[in-house]
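A, B, C and D label the chains in the order they appear, each numbered from 1.
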Amino acid sequence: MSKKITKIGVLTSGGDAPGMNAAIRAVVRACSYYHLECVGVYRGYQGLIEGDFEKLDARSVRNVINRGGTFLKSTRSLEFKTKEGRKKAHDQLSEAGVDALVVIGGDGTFTGGVFFSDEFNFPIVGIPATIDNDIHGTDYTLGYDTALNTVVEAIDKIRDTASSHNRLFLVEVMGRDAGDIALNSGIGAGAEEILIPEESAGVERMLESLKKSKASGKTSSIIVVAEGERSGKNIFQLADFIHEQDESYDIRVSVLGHIQRGGSPSCFDRVLASKLGVGAVEAVIDGKTKVMIGIHHQNVVTVPLETAIKGEAKVDKELRRVADITSV
Amino acid sequence: MSKKITKIGVLTSGGDAPGMNAAIRAVVRACSYYHLECVGVYRGYQGLIEGDFEKLDARSVRNVINRGGTFLKSTRSLEFKTKEGRKKAHDQLSEAGVDALVVIGGDGTFTGGVFFSDEFNFPIVGIPATIDNDIHGTDYTLGYDTALNTVVEAIDKIRDTASSHNRLFLVEVMGRDAGDIALNSGIGAGAEEILIPEESAGVERMLESLKKSKASGKTSSIIVVAEGERSGKNIFQLADFIHEQDESYDIRVSVLGHIQRGGSPSCFDRVLASKLGVGAVEAVIDGKTKVMIGIHHQNVVTVPLETAIKGEAKVDKELRRVADITSV
Amino acid sequence: MSKKITKIGVLTSGGDAPGMNAAIRAVVRACSYYHLECVGVYRGYQGLIEGDFEKLDARSVRNVINRGGTFLKSTRSLEFKTKEGRKKAHDQLSEAGVDALVVIGGDGTFTGGVFFSDEFNFPIVGIPATIDNDIHGTDYTLGYDTALNTVVEAIDKIRDTASSHNRLFLVEVMGRDAGDIALNSGIGAGAEEILIPEESAGVERMLESLKKSKASGKTSSIIVVAEGERSGKNIFQLADFIHEQDESYDIRVSVLGHIQRGGSPSCFDRVLASKLGVGAVEAVIDGKTKVMIGIHHQNVVTVPLETAIKGEAKVDKELRRVADITSV
Amino acid sequence: MSKKITKIGVLTSGGDAPGMNAAIRAVVRACSYYHLECVGVYRGYQGLIEGDFEKLDARSVRNVINRGGTFLKSTRSLEFKTKEGRKKAHDQLSEAGVDALVVIGGDGTFTGGVFFSDEFNFPIVGIPATIDNDIHGTDYTLGYDTALNTVVEAIDKIRDTASSHNRLFLVEVMGRDAGDIALNSGIGAGAEEILIPEESAGVERMLESLKKSKASGKTSSIIVVAEGERSGKNIFQLADFIHEQDESYDIRVSVLGHIQRGGSPSCFDRVLASKLGVGAVEAVIDGKTKVMIGIHHQNVVTVPLETAIKGEAKVDKELRRVADITSV
């Protein structure tokens, strides 16, 4: 039988994502609603080890819903990968009277959580937050929708220059293993071609596309390139390679980089964060553990953390088809 | 047996919504991909009657994906409500050799389309575009996601003043029959209370909320009010009413109005428009008629236009619950 | 001889404006740079009376430069208009050991400051912050540039709808006495006509303009109307009046309202706030009092507060001329 | 005696900048106002050579004021550097009956214009447009204010991550010779240190700053680096160099790149473009040639093109001082 829950801890870990603050807020507010105490843990698992805790109430999370990043901060903790580190973390939680943890983050965060939960039989519930949308069992992760808007707005700006100068731009977007950001932002920005990690023949496709575009009289083009694209070339080498094939291209490279992780969350991400935060607290109350709270077909769902971690990304074929047709 | 399709017309009708241009673009590009001709009809059904047509090819729709409004323009046509008007429209289509129509709009657009299709046995396929998200058979309509972001950004600005001055703001957002915009943007903006058309006891709830907020030490508040809210008071009367109950409130009213309809579409709306535009052309090719192309559980679906029109809005209870919990 | 300054108080008063936080930050940082103590006064002159003070150091103002509103909050204080109120305020300052005050605000703020300074021979330095840009002796007030961008972005959205529907929009912007916001945002948004408080023949001009526009084939128009416009009609009555003159206009009204006061400050306002904040502290150190720190011809200048208050707004004739020419 | 002007050509050349479209619009509208014909020249001086002209009237420039880039496009023309090329250009102008040229661009654009004007005694008036603000005789160039806002918004996003992770970010902004963008955006974004081309001891300063910051307990920092910074290291080498000095820094690099050139112009740039465009046409009418229309102390001024080209950038010492004080 599960212990009665009276105090919940919440932390953020891994790369930050827009919506993390909104999720923390929802966890805190839901605790307040259900008359539970809530403790914020600073700096992720490292703060857990060091007991860097602060009591949070409904007022503590005023005016954070619209802020990017995470006010609880995040670090990668090597110490938490050791048995001693986790032991210290558990001692800190016991001492503070925390009965369960809500961990907000991605893959690595959940892996750490599962390990810790198994070791100490401690209730852990996860909320998926990463701009890469590469977590299984949830249709969307926190931060993904915001990142897409950031990318599309950036490429809109770049297109002003591309059109004005009849140039070819290669734009690198985030996505080491998953092409979701590249594929969606590429369609959204009206890119002529999109290179993603899930496809190996990307460069040939691209050269073919460029040739066709040129023949049809297009004078400027945007190619969106996921950072994990598989040509074996980095984006600058790719630019050189295209130029070698056809010297008439006036090519520029833009690496969007870290702006993709920040910014005020979109309405979608704020609402999603609110749903998942409430769902996480209710899962804890219901005695669930080692689960992630996700969204599937617009419903809040509960998924084993192991499932969330294990999956393998695969390209959305329908989206790839739409990209091909609309970039004619 | 359905006639072979060689030329498709496309028009926008009803209130404009961000993403309409992206949808037109996708229709045009899909026609190009499938080697069909495409004809743009200006000013909706009125342009149909007047034969205000222009041939569109893949190049015609460059650099429109990021623009609000509709470059094909939109009007409300009284003439199309007459038999003579529709007859003229059909004659124009025959003369121009157009075999099918894709109509982009809402409720009224689809009703007109069904009527016309029945009368002349003319293939019509609809794409749902309205910021109100009040069309049945599709999880999202074009423009809705963008409008939510516009509202949330506006309320973020208003909150700066509300917090600085310890004021109560009533913010009116669009939604005559459906509370979707109010409910989602209210959660997203961290509103203390939300009044929607689907609930009748809104004002009592609100007064109760305000009383609680005050007791808990909150000094500023945002109330989001859908324009179709059912108190029988307009938003200025509502402000007076609250002031009568408790004179200590320093109340301000903001009616967001028409900014909610415009703006560059979000990535979500651009991708959705691309999917629906391609889907509409493929539905025409497949011989479908009197259907709407919608999105359900992330899949493109085909729904009878009659179904899309008939439905009745009902409040998303889970969302209302999340709103109540997170506004503690 | 002026007393040696060791502790400076800073407060915001009157309507909030973007850049107030950046100005507070600069005051605090400049105090730190010059090894002075700094005390934040909450809620303007009312907080002065109540002794609602907090010690601020360089770290207290991290991450506020980009936020709208004022974290020190602002209220209008009736009590400060009484001799007793001001006496209490002075007692609080004496008790806290505060030697001088930097007051950030507009007209009313400066008037109160002059009164207080005269009464108690207390050093007061002002920083002009109001979106209306109606303070004399400074080319720009804090918040004005940000408000212009907010207005122009809002009208860009409205124009999407205006163009799509061939409509005439009347857009009300702030400016009770000064037409600066209307004139600049009207030019910036490409408005067809602009009504400002400084001109009395605005409505006749406007009707003339509309007639010409129509003759030239323009199908949609934006009229920007300052709230202090002198026709004696409110904006809804103005819409009715135009409609009476020519029923063919499809007219809509949008009152931008409070969104104009909020939002993250523009780079211009952040830099201006930084300059003025530093200038204010240096003025205090130099023994100046009853002066405003302004910007004139890109230089930081010192202006007697009496001058800043007294002036009368007059329309920028060159700007009016440019508006007339570019709205052809 | 100067020839009577009846037809004016307008072109954009060099790197694109937000506000170019607004300037073209103002030139066209002013021509219309003064009953002159206006001819748009596509692709800068290359289009001049090729006679790539289009008649523009007031309606041609509707809905362009809010768009980044230049609809007349821009290229760098090698042919225009040859006598033959310029001869062809002059022949094209004669044939088209164009009496004078308004050229919108930067340094290189003006240099070409002076050469051409001298050679053929052809009236040329320049409008300064470049995000770098490196033209003499004008307080502001078109696009500069917009670029500052773009940079500051991007760094606001990066700071979300920097704060969440206690990291040090090096952010590269444009500015090969001039540090204006770096200095202003660095102050506006609250950067801890700013490296500019006009100063040689930047790296030592920076290391000193970082040491102090660390001692004072700062955990995250932003360093803004102008691309023309003089350490002799690129930004990635700079990051390595800092890491060698103190391995405890968790450093990330972000190169903002081409997003800085695009985007919808700020209200400031739109108004400035309107003033300069009108001023340019009036200068042509007044028989002026080889002059730039600039803005100085808020007045439109006329400056010999030679002066505009020749100057040498020098750092704004007051701004550097403010940066040092507010980054305490």
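Please note the rule applied: a residue touches a chain if its C-beta (ideal position, glycine included) is under 8 Å from a C-beta of that chain, and two chains touch if they have at least 3 such contacts.
Values in this document were obtained by computation on a predicted structure and should not be read as measured data.
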Neighbouring chains shared between chain B and chain C, ordered by label: none
Mutual neighbours - chains that touch chain B and chain D alike: A, C
Furthest chain, CA centroid comparison against chain A: C
Mean-CA-position distance for chain B and chain A (Å): 28
Interchain centroid distance [CA atoms averaged], chain A/chain C, Å: 39
Centre-to-centre distance between chain D and chain A (centres being mean Cα positions), rounded to whole Å: 35
Sequence positions of chain D contacting 2 or more other chains: 156, 159, 163
Contact graph of the chains (line, ring, star, complete, other): ring
Pairs of chains found to touch, sorted by chain label: A-B, A-D, B-C, C-D
Complex contacts: residues of chain B adjacent to chain A: 25-26, 29-30, 32-33, 58-59, 63, 65-66, 139, 145, 148-149, 151-153, 156, 159, 163, 184-185, 187-190, 216-218, 264, 266-268, 270-271, 274-275, 277-278, 297-300, 318-319, 321-323, 325-328
Chain A residues touching chain D - in the complex, by the definition given at the top: 12, 15-16, 18, 20, 43, 67-70, 73-75, 150, 154, 156-161, 163-166, 169, 252-259, 261-263
